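So, here come the structures, one by one.
Each of the next two complexes has chain A plus one other chain: chain B in the first, chain C in the second.
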Partner chain A sequence: MTLAVNTQTILSRPRGRSFRRDLMGVAVIAVFAAAGYILFPDNLALLTRILSVALLVLALDLVTGYCGVATLGHAALFGSGAYAAGILSAHYGINDPLLMTLGGIVAGAVAGLLCAVIMLRAHGLPQLVLSIALIYLFHELANKTSSWTGGSDGLSGIMPDPVFGLYEFDLFGHTAYFFGVALLLIAFVLLRLVVRSPFGMLCRGIKEDPLRIRALGASPNAALAKMYVISGAVAGTGGALSAISTQVVALDALSFTQSAEALVMLVLGGTGSLFGALAGTLIFMLFEDYVSAANPFHWLTMVGALLIAVVLFAPKGIYGTAAAYFTRPGKANR
Partner chain B sequence: MQTVFSIAIDALAYGMVLFVISIGLSVTMGLMRVVNLAHGAFAMIGGYIASYVARDLGLGYALAVIAAVVITIFIAIPIERLLYRRIYGQPELTQVLMTIGITFCIIGIANYAMGPTLKTIPLAAPLRGSVDLGFRTISIHRLFAIICGLAVALGLWFAIEKTSFGVKLRASVDNAAMAAALGVRTEIVYAISFAVAVGLAAFGGVVGAELLPVEPYYALRYMVTFLVVVSVGGAGSIPGALIACLLLGAIDTTGRYLMPEFGEFFFYLAVIAIICVFPRGLAGRIK
Partner chain C sequence: MSAVFEVANLKRSFGGLVVTNDVSLSMAPGDRIALIGPNGAGKTTFVNLVTGNLPPSSGEVRLGGETVTRIDAIGRVRRGLVRSFQVTRLFQDMTPAEHVGLAVLQRDGRAGRLFGSFLSMPEVMVEVSELLEKLGLAELAHRKVREIAYGQQRLLEIAVALALKPKVLLLDEPAAGVPQSDTGRIEQALADLPPDLAVLMIEHDMDLVFRFAKRVIVLAAGTIIFDGLPADVTKDARVREAYLGNYANASHVA
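This part shows the complex of A and B:
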């Protein structure tokens, strides 16, 4: 029922309007990026980190928000991208940032395919446990193959060349920041196209009612696997960005905590919406930077309380609740 | 041969501790269909209370165990009534988020209240020392853990198979709506089994403190292990959980003995293999 209603409302929306919404989204991201650049010129490293994590959260949104697969292991895709980009540079001397990013995208997509093949075999709790086991497996693998990944010391020796041979990665992170903003904008526009395409609608349908989709003649698992690969490419981009901008890859990139935090950010912002994913990342990371500098353990308590509060009072997340409030003032509580 | 026996004994002790902690999780998950990631946090609370009672207050080990179980249940009751009640029947993602939130909160508070250091629980005099089994010596404490595990398994089997409460519990696990229609007070069954589950978690946390040391990140570190046990064994099945604990305990211990440098790698590999082959768990029933 909900599926039918959703499809109708979205299909009946004029094509021009959704295009205008895309433009608006791009403009909003650009404005925020510019504001960040002007307001925090000394803290571009943090802003670049937010950009790379935002790509991870967008990727997670594709799988969790649009397809309904709950996963606590999505950092596996992010970390694969980061390590691929790092290894290309540190071991093979491929220092072109665009090629490194491409390496990250490919590695992320391959990791996504691998995770999809394993995770889609189960549903519910076993699926969740599989995702956790996968992220630990990736983590252990990266930890043990230390001749390639640097193990727990982290992978260092990444030295990206200037972008297009013109813009050098400077100490203050100006180039890395603009590079990240460009990657995020491209990913955002492409993802808007993906989630609005018939394929995106199919994935939403699978989330609502897989049985019905199967009855309609589509294969849920094939569609989910495809979405996982796309998600892996996006997460891999984020990983590559983090490797290029920080010039080091730590084991944290493949950790359970990173996965869980990404999920928290997504839910905080609102699942099933690209803007929600971006808003959640921004709010969470800024908040984290501010509070965890004071005391990391209070930070954990606050994240916990925040999560409980979101689940109880704003199940649609901050963006979802705000959007519902502004579009239908009369039915804000629905 | 000696190595095999050594591994077997250690695996048995580890598996039994895992069993005591995670059997409650398995029953509540089978019963209430709640993905409870905070279960390890209750085991941790039990460990902290026991440590406080036995080490800081200087009271005995037996008293520490009892205090840990009782106080943890009293802490858990309001959490169940205020928070868990709201997520029964909700989508998994909601349950995961809520229970992760609870876990984070408990970790933060535990660290604030008890400090980040590792807490030990001084053992009672008869449990210290070791016995000679002929092929190796084993600390009495491990033997005690194995006996506790067996006792819990036997007690639960008796309670579930032979008592009238067990009948109601099984009926609610199979079909809660039907059981309620037949006059079973399912809320009471839920509340009692939740309390028993938390109590067992606390008990396991205390008994297993030598194997799974109590510190603030306990809840997060072993959360995965407990979930894995339930998922591999099949939610709601006692024999399944027992088999899963022994199997995973054996895999983990063997890995640590023979290939210590690969740590948990084989453990997770085995978990993935088992779940891929048995998506509903070793003893899982078809929904």
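This part shows the complex of A and C:
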């Protein structure tokens, strides 16, 4: 009898909380997106760029924040998506933005798998070095195959058709912006599902103690490779968005700098949380834009100082620290 | 009955120190074996070797007739060889329900699912709550492991192992660090194990050993010096000598 009662209490655990948080997340993104649109109508290009980088940082969070793999080469996945979407349009005349995005997703996922196969052979510092080697190789490959990628001149001639044949990519970037917001919202909702799923739980376990996971009969490397593929799809979406919205792809989409900046944004916002990744991207990129305009000589100094402050005084990142602060009182009455 | 688990001439040394010296044993379904021995006798090393967490210098391990010496730790778990850890290895930010849920899902090959939550899978939750209930952890089902007492973490370690529905279960000092008041839980859980499961338990608490085991194996300095009935173990001269410490010194000769 007691068994039945206790089974009942365990089963009846309220599960609405995570769903409410999903809705809240969607609402917050939508509100920020609307605010950006209303407050900075002349700066939609920047906002769209933030959206595409946010997808890269979310993707990085999946492997770094959720699985504990440190990488300085994640732009390889982003850049692959950007070039794939760009090449589809520029060389094959496939101009449907949805198909271009799909191309970016597939290319990102393939690049993710490739990186995983190489990187997961090592751990720790050697793994980090492998990630740097990979981003150099991707960069060099894009540089050398200039007939496809435009090399250092960048890939141009990307001409996306109207979305659904209706919404043309206009000069002011309205369509690109909404297209980006839609992609980010979809990615966010799907990733919320993934991080909460059994697979997400498995990955959290791997991050903490891969040996224990092996003792459960699960393969950490197989799970990490799968996460890399998912991450590649997300980063590739970001790359495709960047190609579609700017209609060019430059080599720095595949650069070490882009990879390192993504990691900085992630740490700034807070690893292991989708909101952290989004917050970090937003803060870093707005900071970069405004401070570099106001004081072009010292903006990197300020970024450096901000980063040191965050790492030393708010090691969970800006979002992570704020979230911990606000959930503390709630914990007591649970 | 035929053996589910066999170890033949297992050897392993660290540097010059022979930690496992020609160990052979076999277990049949339903066996309840206690593996005892002084500190540093090589008990945990034995578990690490047979589960594939540590490569042996030589020797063989067979599971259900299949030689698994070349199969990695994951493959052995999937074939039904499950261990618990002497020092708990749990995920600090996860709850007991999540631990057991993950083990159940993994056992059923569903730990890779990308959507849904095990909390809304009734068949998983029934198993989770039964296991947690059995080990007295139901109240703590949704607390983070870092917030629960060490003794209860030890119980969770056992729940996780049981959730994998092993054929051969190796428990490394399951009662170490569990307060006296809770060892009853462990004993009850052990008594409720499926009758055809083969269990080998490493344990220092001799009361527990005598209540649990039908067969006792004594390891000293990496060598099996006794393998027989619990009633005979305290009478054995070599066992007494080992526990008095003479054996420990002899190990460094090799």
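Just so it is clear, the second predicted complex is superposed on the first by the 311 of 334 C-alpha atoms of A that agree within 3 Å, B and C clash if a C-alpha of one lies under 4 Å from a C-alpha of the other, contacts with A are read in each partner's own complex, and residues count from 1 in each chain.
Just so it is clear, a residue touches a chain if its C-beta (ideal position, glycine included) is under 8 Å from a C-beta of that chain, and two chains touch if they have at least 3 such contacts.
Just so it is clear, the structure is predicted and the values come from calculations on it, not from any experiment.
Visitor: After superposition on the shared chain, which partner residues are touched by A:L202: those of chain B (first), chain C (second), both, or neither?
Guide: Touch status of A:L202: second partner only.
Visitor: Mind working out whether A:A218 is in touch with chain B, chain C, both or neither, as first, second, both or neither?
Guide: second
Visitor: Give one of first, second, both or neither to describe whether A:L193 is in contact with chain B, with chain C, with both, or with none.
Guide: It touches chain C, and chain B stays clear.
Visitor: Which partner chains sit in contact with A:S156 here, chain B, chain C, both or neither? Use first/second/both/neither.
Guide: neither
Visitor: Just checking: does A:N95 make contact with chain B only, chain C only, both, or neither of them? Give me first, second, both or neither.
Guide: neither
Visitor: Residues of chain A touched by chain B versus by chain C: which partner has the larger set?
Guide: B
Visitor: Classify the contacts of A:T301 with the two partner chains as first (chain B alone), second (chain C alone), both, or neither.
Guide: It touches chain B, and chain C stays clear.
Visitor: Where on chain A do chain B and chain C both make contact?
Guide: In chain A, no position sits in both the chain B and chain C interfaces.
Visitor: Once bound in the complex, which stretches of chain A touch chain C?
Guide: Against chain C, the touching part of chain A is residues 2-3, 6-7, 9-11, 13, 15, 18, 193-194, 196-199, 201-202, 204-205, 208-209, 211-212, 214-219, 223, 226, 230.
Visitor: Going by the contact rule set out above, which residues of chain A touch chain B in the complex?
Guide: Those in contact with chain B are residues 64, 70, 72, 118, 121-126, 128-130, 132-134, 136-137, 140-141, 143-144, 256, 260, 263-264, 267, 271, 297-308, 310-312, 315.
Visitor: Which bits of chain B are touching chain A when the two form their complex?
Guide: 29, 35, 83, 86-87, 92-94, 96-98, 100-109, 111-112, 116, 216, 220, 224, 227-228, 230-232, 235, 261-265, 268-269, 271-272, 275-276, 279-281
Visitor: Where on chain C is chain A touching in the complex?
Guide: So the residues of chain C in touch with chain A come to 51, 53, 72-74, 77-78, 82-83, 85, 89-94, 97-98, 101-103, 105-107, 110-120, 122, 125-126, 128-130, 132-133, 138, 141-142, 160, 164.
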